[in-house]
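Each of the two complexes below includes chain A, the first together with chain B, the second together with chain C.
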Partner chain A sequence: MPELIAPIAGNVWKILVAVGDKVELDDELVILEALKMETPIYCDDAGTVTEIKVKEGDAVNEDDVLIVID
Partner chain B sequence: MSRKQTPLRPYFEKMPEIGKQLREGEVRRSQANVELVREQEEIIAQEILRVKNAGIPAEKVHSRGGMTIYDRLEYLVDEGTWSPLHSLYNPTDNEEGCTGVVNGIGKIEGKWAVIIGFDNKVMAGAWIAGQSENILMVTDMAKRLNVPLVWLTNCSGVKLMEQETVYAGRRSSGAPFYRHADLNHLGIPILNGIYGTNPAGGGYQGISPTILLAHDGANIAVGGAGIVGGMNPKGYIDEEAAQALIEGTKNFKGKVPGRVETHFDQTAYFREAHDTEQGVLDGIKDYMRMMPAYDPTVFRVAEPAEPKFSLEDLNLILPANQKRPYDAIQILARLTDNSEFMEYRPDYGREVFTGIAKIDGFPVAFIGNQQGVFPGYPDYANGEYPGVGGKHYREGLIKQGEFVTLCGRDNLPIIWLQDTTGIDVGDLAEEAELLALGQSLVYSIEQTELSMMCVVLRKGTAAAHYIMCGPQANNNNAFTLGTPLTEIYVMHGETAAAASYARRLVKEEAAGNDLAPTLEKMNQMIQDYQDKSRPAYCAKTGFVDEIVSLPELRKYIQAFTGANYQNPKSITPVHQMLLPRIIKG
Partner chain C sequence: MFNILKELIYSSGAVSLSGGNLVMWLVSFVLLYLAIKKQYEPLLLLPIAFGILVVNLPLTFLMEPEHGLIWFFYHYGIEMDIIPPLIFLGLGAMIDFGPLIANPKTLLLGAGAQAGLYVTFFAAILFGFDLQEAGSIAIIGGADGPTTIYLTSKLAPHLLGATAVSAYAYMALVPIIQPPMMKLLTTEHERKIVMSKLRPVSRLQKVCFPIVTAMTIMLVVPPAAPLISMLMLGNLFKESGVVERLTNASANELMNVVTIFLGLSIGATMTATTFLNPKVLFIFFLGLFAFIVSTGAGLLMAKFMNLFLKDKINPLIGAAGVSAVPMAARCVHKVGSEANRRNYLLMHAMGPNVAGVIGTVVAAAILLKNLG
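Entry: the complex of A and B
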């Protein structure tokens, strides 16, 4: 089951999908905020969002799982 | 059997390919970005239209049988090569809406020239505020690129109602005459097509170039015929003096001095006189064919080639959201011949890329900011914070200084792609010598004799805007371009507001006062920074020499490169270049 991973530590600024949403390759799913920059996290495979492991405002570490896609 | 080839073929014929095709999803999600870019392009387009329509209507000039400056340029310049500069330059907000001259770089009869003309629709080409600075930027460019300067003179002299804004001072409207003398002294020819009435300042504008070609209706003179009164001993104008002036003007029958019958037939200052406006321009074309220029083959290291990827992709790749990172190499891949780039020390100083590419088959150097986050970098931070793209750190500064110095040795013109938020700050940065290394890069640039051009892709901020060959590099920077996404300021408005008002906030809170008035001032400051950093403002004030759409960037880079290699003052034999060997190792 593909997992969307945080590439850097930061805060979850926006979550752009909900559980059950169909997503496509390169869709923007989450935006992290760190070091005064927005880091968009893109979907690397098509599928359905089955689990969102974070909420907006959460602090995340590098390699934390953000979203699970089936 | 004869055999021929380009020099140092193993290095230049096929360089490493960079970039990749955008995926469908990347294109889809970037459509909103394209719209944001278009919005800014539309603002710039409207401003340019306003400037083109400044002064009397073009139809009025046409009805008199004349040509506007834009008609003259269209007739003179080779199709598809005109690259305008300073279109929106108007630093003092003149009521005319411009500075009364139109200029840029383009080819005439296949040869690059810096070209400038008076806008004859605007007060018959009068001297107005900001104009001399505009002219000086252009004469400096001809000097830097060592290409002919072509003038289309049509200058009525000082706008007398505002003489104090143009006449006196170090960089006033008299300074270009010295610049013309300087260019002549350096062996850079100035061709001058002369139209209309050019008294006083217009006269020196007419006489100071190298080769003068006149329209039959033109004149150049120390003074004009319009001065019919002279000094009034009373020191003011009363009814009696006014009547004398009226009579003097009515009865004035003299012809304007300095006509073709004087300066062609008598003094022979004019090499040619033409009965049509086009004839003058044809004369300039004839002389341009005589101007010094190497055949491009002398300096090409490969056949010219287009980038492998579409220039239109640039509107998808460069984020309008200034907080978003992007792959800077994807930008570069859309600018260089065949999307090739030979990178210098890619693993050192990761926040910047440096290397050699080809533009129209000529070797050039590129330096630019990488974007994104660099965990574990810079070393001197000891993991306290990660490196961020757009910032400069110790290794990147050393790499740039080193690369510039080698480019100077190899005579490689440099194109800088700026998108920078500054140089790292704090005690660790000071211990890492960033202050000195920044100035060291400035020194490296100044030590070269190279032409450079700068593109502020998005941000030009803090000292980093200076050290990456911003327009402040007066002796090297030929011109600086902005894009529809350019922002130039000393720091972001929010940072500036915090720096300016943080202490006051502390005091107000301690005193139990309402914070709202201070917050209002802070937000006003942020808005002010926003308003005074946008592309149109940058162009108006001269922060950049032109705002250019992203897909047009390559055209300007081609113009810069072609002009640079037309008649270089210094040559490094390609087979003796050091940089390609250093890169190969």
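Entry: the complex of A and C
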């Protein structure tokens, strides 16, 4: 099952999708904040969001799973 | 009654106002605007701007040696070299040297980007500045405020206001100054290079780094000791994980307290008589030149390294070799993601960025050793 992985460590600033949403390749799904800079994370696969593993404000490490897409 | 009124008017500052004071008020208002409205480095620009304003109100004698309030801050804080090392203590407690430890070759980028300093040093001499002044102007290219203040206060204190404001101004203007240079010196293809993941760094390595670095640099360039020792002590506080209170005090309370005195003192050196001369304006120009050449040198150094590297680096990270932390790294990340939206260069750029801090301190120490 495709997963959206955090490419850098930071805090989850905004989650732009909800469970059940259909997403396309290159959609902006999550915005991470690192060093006071907002970094959008883009979708790598089209599909449906089945699980959101983080919530806004969470600190994440590089390679942590943010969202699971079916 | 008339005499009392007359005396009151003559003893007021208003009568002693000069045209230069009014110009400096204007400079102060512009800086206040930039700090409050545009939020350009407000933590420093705001006290600097206020310092400029109050010192240009006649007959207040705030900078009168042995008498003035701000003179005492300036004398004990800056002339006696207390404040810049304390700022470095706070910086050390905030900086994560992990990206540099994970990718030590980025140290070369931090060193390469110092080339602008040396180019500007000779340019300043060509334009008639003496050796000490040239050294103080050149260090602006490192885009490191405390180091600039430290070096200028030792070499050419009469230029302190100009070099300090110039260094902080260019740090704030990184997102405007650096991108054109980045695009000029790199190809679209190079900007798209995605760098492989940084290896994880162990706690032991992070704890050893400040100790080993402090010892190495101070043995090689002893004049770097005041800044490097404090920077690395702050970092050791942070990475040891056992003195959280000291880490927080260094990074927050102490840093904030000394920032107030630093900003106010720097601003107060900018009286109309010292600041309003063509030489000072020229310092801003030479400082900008230094900063642009440093950015370019970092980029070219990265491209040069790529000639020998199997696993190519994105040359944009070379631009972060100037020390404006983390503005330069953010700028690299942004320009990199414009070329390739899946390019996350932030942490890769932090390596050369923190190396740049060390590089600028070493460069300042070399200048100090030879010119002081």
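By definition in this document, the second predicted complex is superposed on the first by the 70 of 70 C-alpha atoms of A that agree within 3 Å, B and C clash if a C-alpha of one lies under 4 Å from a C-alpha of the other, contacts with A are read in each partner's own complex, and residues count from 1 in each chain.
We adopt the following convention: a contact is a pair of C-beta atoms (placed from the backbone, for glycine too) under 8 Å apart; a residue touches a chain by one contact, two chains touch by 3 or more.
Every value quoted in this text rests on a predicted model; they were computed, and no experiment measured them.
Figure out whether A:Ile8 sits in contact with chain B (first) or chain C (second), or with both, or with neither.
Both: A:Ile8 reaches chain B and chain C.
Using the superposition on chain A described above, determine whether A:Leu35 touches chain B (first), chain C (second), both, or neither.
In the superposition, A:Leu35 touches chain B and chain C alike.
According to the stated criteria, A:Asp70 is in contact with first (chain B), second (chain C), both, or neither; which is it?
In the superposition, A:Asp70 contacts neither chain B nor chain C.
Looking only at chain A, is it chain B or chain C that touches more of its residues?
Touched residues of chain A are more numerous for B.
Should A:Glu62 be classified as contacting the first partner (chain B), the second (chain C), both, or neither?
In the superposed model, A:Glu62 contacts both chain B and chain C.
Quick check for you: in the superposed arrangement, does A:Asp27 touch first (chain B), second (chain C), both or neither?
After superposing on A, A:Asp27 lies in contact with chain B but is clear of chain C.
Can you list the residues of chain A that meet both chain B and chain C?
7-8, 26, 34-37, 39-40, 42, 62
In the complex of these two chains, what residues of chain A are touching chain B?
Touching chain B from chain A are residues 7-8, 24-28, 34-40, 42-43, 62.
Over in the complex, which chain B residues touch chain A? Could you list them?
Residue list for chain B touching chain A: 23-26, 28-29, 321, 323-325, 373, 375, 385-386, 388.
Over in the complex, which chain C residues touch chain A? Could you list them?
197, 326, 329-330, 333-334, 337, 341-342, 344, 346-347, 350
Can you name the residues of chain A that touch chain C in the complex?
Its residues touching chain C are 7-9, 26, 34-37, 39-40, 42, 62.
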